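When the chains are written out, they are named A, B and C in that same order, and each has its own residue count from 1.
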Amino acid sequence: MPSGNAVDEGGRGMTTTEEQLEQAQQFERLKALVDKPYRWIDRKWDAVFWISAAFIVGAACDITKLLFAGDWDFWTDWKDRIWWPILTPFALVIIGSALQYIQWLAWRFPTGMTYTAICLWPLATLGRWLQWGNFVHYPMNFVWPTTMVPAGIFADWVLFKTKSFILTSVIGSAVFAFGWWVSNYVMIAPFLQPAQWMDRILTVADIQGISFIHSQTPEYLRIVEHGTLRSFLGETQYVALVFGATVTVAGYWIGQFIGRMLAIWPIGRFMKKW
Amino acid sequence: MMKRLAAVLLLGLGTGLAFATPASAHGEKSQEAFLRMRTIGWTDVTFSGGHMDPNGDMVIAQGEKFTIKGTAKLMNTWPDSLAKGLPRIGYINVATQGPCVEMLTRTINGVSTPSRIEITKGHYYDFEETLMGRRVGRWHVHPTFAVKGAGTLLGPGQWVRVTPHAFTSSIKLYNGKTINLENYNLVSVWTLQVVGFLLGLIWIFWWTWWGKTAKGNPRRTVTNPAVTLAIPLNDDGVAVGLNTKKDHRVVNIIALATALFLLIGWIWQASAFPVKIPQQVVEYEPPLTSQDQAPTLAAVDARSAKYDYQAKVLRLEVDTKNVSNSPIQLAQFVTSTLTFVNPASGTAPYGQYQDALKASPSGTIQPGQTATLTIDLPGSRFDEEHLLPRGESQLTISGLLVFKDASGQKDSAEMEEPLQPKYIS
Amino acid sequence: MAQVATTAPDQAVESKPGRGPIDWWGGHRLTFVGPLIFIVIAAALRIWMQGNAWTIGIDASSPGFTKTYRMLFWSEITSSAVIGFWWWTYLINKGRKIVDEEVPHEVEVRRIANFWGLVSTISVELTIMASFWPNMDGSWHQTAVRDTALTPAHIPMFFLFFPFGIILTVGTYLYGRYWLPKVYGAAMGFPWSFFLLISASVTEMMQVAMNEWGHSLWITEEIFAAPFHWPFVLYGWLAAGIFALWAETIIRLLGIEAEIEEAESTGGREAVVA
């Protein structure tokens, strides 16, 4: 909204009526621009952008997830109550947040998180099926990747409704972390059933981890809950979830840094000395 | 020029591919020799099950069981550079090329051991692992001893050829239901993944394809900055016609559908799998073995370890004192994956990782007596296994000297001696 | 250098039907061809490895490995160096000849479409580098006892696709500098967008050395989330500069559209002022 001291091009102060007229004209100019036809810019450019960017967006999210939380993502016996819900949403939200900024700023599309999620999914699934499944022969019910699609939808919804990155960073991240956990807990649940094996009670996931040999990751490398949060009366899971949500907020702002400073800031900027 | 270069490169590659021969081992040879010799002493490692073919491969079918047994000693010569000199947590496993065989049971010192153990230097670990064939092919399988902070040490391996056969990986759940680990709940995992993905696809297609601007035109992307950069960041573009109230309704519907999907999923898992426990961490200290408590048979003091490159012989000189009440004889020298058997003690070498040593004097050592044993070991075996520490930062030969007494009782004594290679004649 | 008073006119530059500047098989052809080349190379290597990685590739000390994987390694290093050097010198030599030529809008639009084709190729190539091979790398290193730095997963990843990340990003800059002087001409300085993107590929290559050193020295076991893997992620985030490339060329496209409008509103062509 222009201030009461708006000036026109001649430097004269403008009255409120003139401001409103100027604003209305600007409004009409923008409306016309939305659907303006161009000589050389058609929707093929849109298609090239969306499809080309899908690769690098998915890859950026995949490598961030793999190297920040990969082990928890690779194996069912790592998908525990504590580290999995803290580290994985943090790792996943980063690139989605960057894309939220870019796509909202440039197009007012609340799609960044979901776009990242659907770009990640085929890459992650292909990687698991082709490399972990087909190449090494792990059963896919042992090495399935987590999904961030439902979580991404919720976070994008929050952005569209709040129109604010600050609010999305808090509400959206919380919703993202919780939505991520629910959508993936549903998948891990069957593998948390107990079974008697080697004279012990173990989960199906533990048995998968021991039966399907991975020679270079001895079992002691597994970073899962050891039971040190028993003081929370068995509410370990929920404490971890809430903490995971706060860590996801931090991840969201890391993503905002990437979007704002590494993707948008360089536009049209040049180094003179290098 | 480029085409010629490409042709040369491809031809070279093709030639190489045509004449490639399979590997005989993997991984362990790249570890430094002095590390492999000073860490785990593997004795009496045997593979049993299936049948042996003329090439020395153990042939088993998918689903057919076989057993690996042996004793691993966590040697006192364990180097300071690994796990800060204090190995505490270990995991006895197998090294294979992926899950081509499947672990079924494992006992360490007679106790069922699914996962990690607490370990102490100088102790023995009798292991017995039962596995089954899983992936068709020819695989090299080793028992392994992994130590936290150090890595995985490999014992002697065996080629295992797995032949096709129908099989399952059956596990009985707490409620008596039997499941197949190979594909349990695979369909539900994929279904949940795919439905979730489709919901996301619908969201994106709405914004990029199906949705329309206020004027009813397909929504564009690359030309929007002309508008979006002129309105505030916290403006959703509805007022200028970029987005519409319909968009708000559609995203509500999709978000609600997603929430419902998750709710249904949650109710399903809660009712289908009512009993769930967290992943278990099993860790304990195995009991001592009889060998830990057996009387010492010999006290050894290595005097030299010389390697003659031309004769390809590694010669050890070891002062050996019989500290038991019975005559003793050198039965084996064990280092890393290799076992050198003393034929004079009545056993012959077998398998790919055993060979014969020549000990002199070859007979027994009487109680209380000290003899200087000269032990000649075939250097070519060390070469093949990359166990001669040439070019490494510690030129040491280490290993276990296994003695046995008249009753057949065995005891191993560790030796460690700087290597004196003869570089020039 | 020729000065242009306003805009170069839309000369009637003849294109074959369907081969126009913004036709799929015209200006946008490289968007398909470039990525396809790298997909085919990756697929071919992957298919070849299916048959021998677990037999020959497992032992770096064997003669079979020397004849296959080690030779592949040397071929990759050599071909990357040769192709990179050849392409860059071609771009520089040809570019210097054409940079000062004034071109009509149609030609410039085609060049931008070409540029987008190069960017699409970078996107796909970086995906193969940051998602496709790392999944194989994880599946290999978490199952097989670590051998040397030359493992079947490392050889195509670190020694072919990582170098080609550098070759493509630098080559694309050279194309932009000479073929799109109004966007990336040398007089403007060195674009920050390219600086970040090229830095991503260069620092990733450097990180390979740290990775192998760390694995040899500290931990031979493969936890993917190990801290000394994290620079791979941080350097990868620099590739967000790729979005600025799309944005900068879109800005130029909109600039071309504005020039066309201005020319049409002044009633026709204006001469190029020498």
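One rule holds for everything that comes next: a contact is a pair of C-beta atoms (placed from the backbone, for glycine too) under 8 Å apart; a residue touches a chain by one contact, two chains touch by 3 or more.
All values reported here derive from a predicted model rather than from experimental measurement.
Colleague: Considering only which chains touch which, how would you classify the arrangement: line, ring, star, complete or other?
Modeller: complete
Colleague: When the contacting C-beta pairs are counted for B-C and for A-C, which pair yields the higher total?
Modeller: Per the contact counts, A-C leads.
Colleague: Using each chain's Cα centroid, which is most distant from the centroid of chain A?
Modeller: B
Colleague: How many angstrom between the C-alpha centroids of chain C and chain B?
Modeller: 37
Colleague: Quick one: chain A and chain C, Cα centre-to-centre, how many Å?
Modeller: 25
Colleague: On chain A, where are the residues touching two or more other chains?
Modeller: Answer for chain A, listing residues that touch two or more other chains: 38, 41, 45, 49, 106, 136, 138, 213-216, 218, 221.
Colleague: Where in chain C do residues touch at least two different other chains?
Modeller: 139, 143-146, 220-221, 246-247, 250-251, 253-254
Colleague: Can you list the chain B residues in contact with two or more other chains?
Modeller: Those would be 95-96, 98-99, 144, 146, 152, 222-223, 225-226.
Colleague: Residues of chain C touching chain B in their complex?
Modeller: Chain C reaches chain B through residues 48, 52, 54-65, 67-68, 71-72, 75, 78-79, 82-83, 86, 139, 143-148, 219-221, 246-247, 250-251, 253-254.
Colleague: Could you list, by residue number, the parts of chain B that touch chain A in their complex?
Modeller: 89-91, 93-96, 98-106, 112-116, 134-135, 144, 146, 148, 152, 169, 171-174, 179, 181-186, 188-190, 192-193, 196-197, 199-201, 203-204, 207-208, 213-215, 217-218, 220-231, 233-237, 239-243, 247-248, 251-252, 254-255, 258-259, 261-262, 265-266, 268-270, 272-273, 275-283
Colleague: Please name which positions on chain A make contact with chain B in the complex.
Modeller: The contact residues of chain A facing chain B are 26-27, 30-31, 33-36, 38, 41, 43, 45-46, 49-50, 77-81, 104-111, 114-115, 117-118, 121, 125, 136-142, 144, 147, 149-150, 152-154, 156-157, 160-161, 163-165, 179, 182-183, 185-187, 189-208, 210-216, 218-222, 224-227, 236.
Colleague: Can you list the chain C residues touching chain A in their complex?
Modeller: Per the touch definition, chain C meets chain A at residues 10, 21-22, 24, 28, 31, 35, 46, 49-50, 53, 105-106, 109, 116, 119-120, 122-124, 126-127, 129-132, 134-136, 138-146, 188-193, 195-196, 220-225, 229-230, 232-233, 236-244, 246-248, 250-251, 253-254, 256-257, 260.
Colleague: Mind listing the chain A positions that touch chain C in their complex?
Modeller: Per the stated touch rule, the residues are 38-42, 44-45, 48-49, 51-53, 55-56, 58-60, 62-64, 66-72, 74, 87, 98, 102, 106, 123-124, 126-128, 130-132, 134-136, 138, 213-218, 221, 223, 258-259, 262-272, 274.
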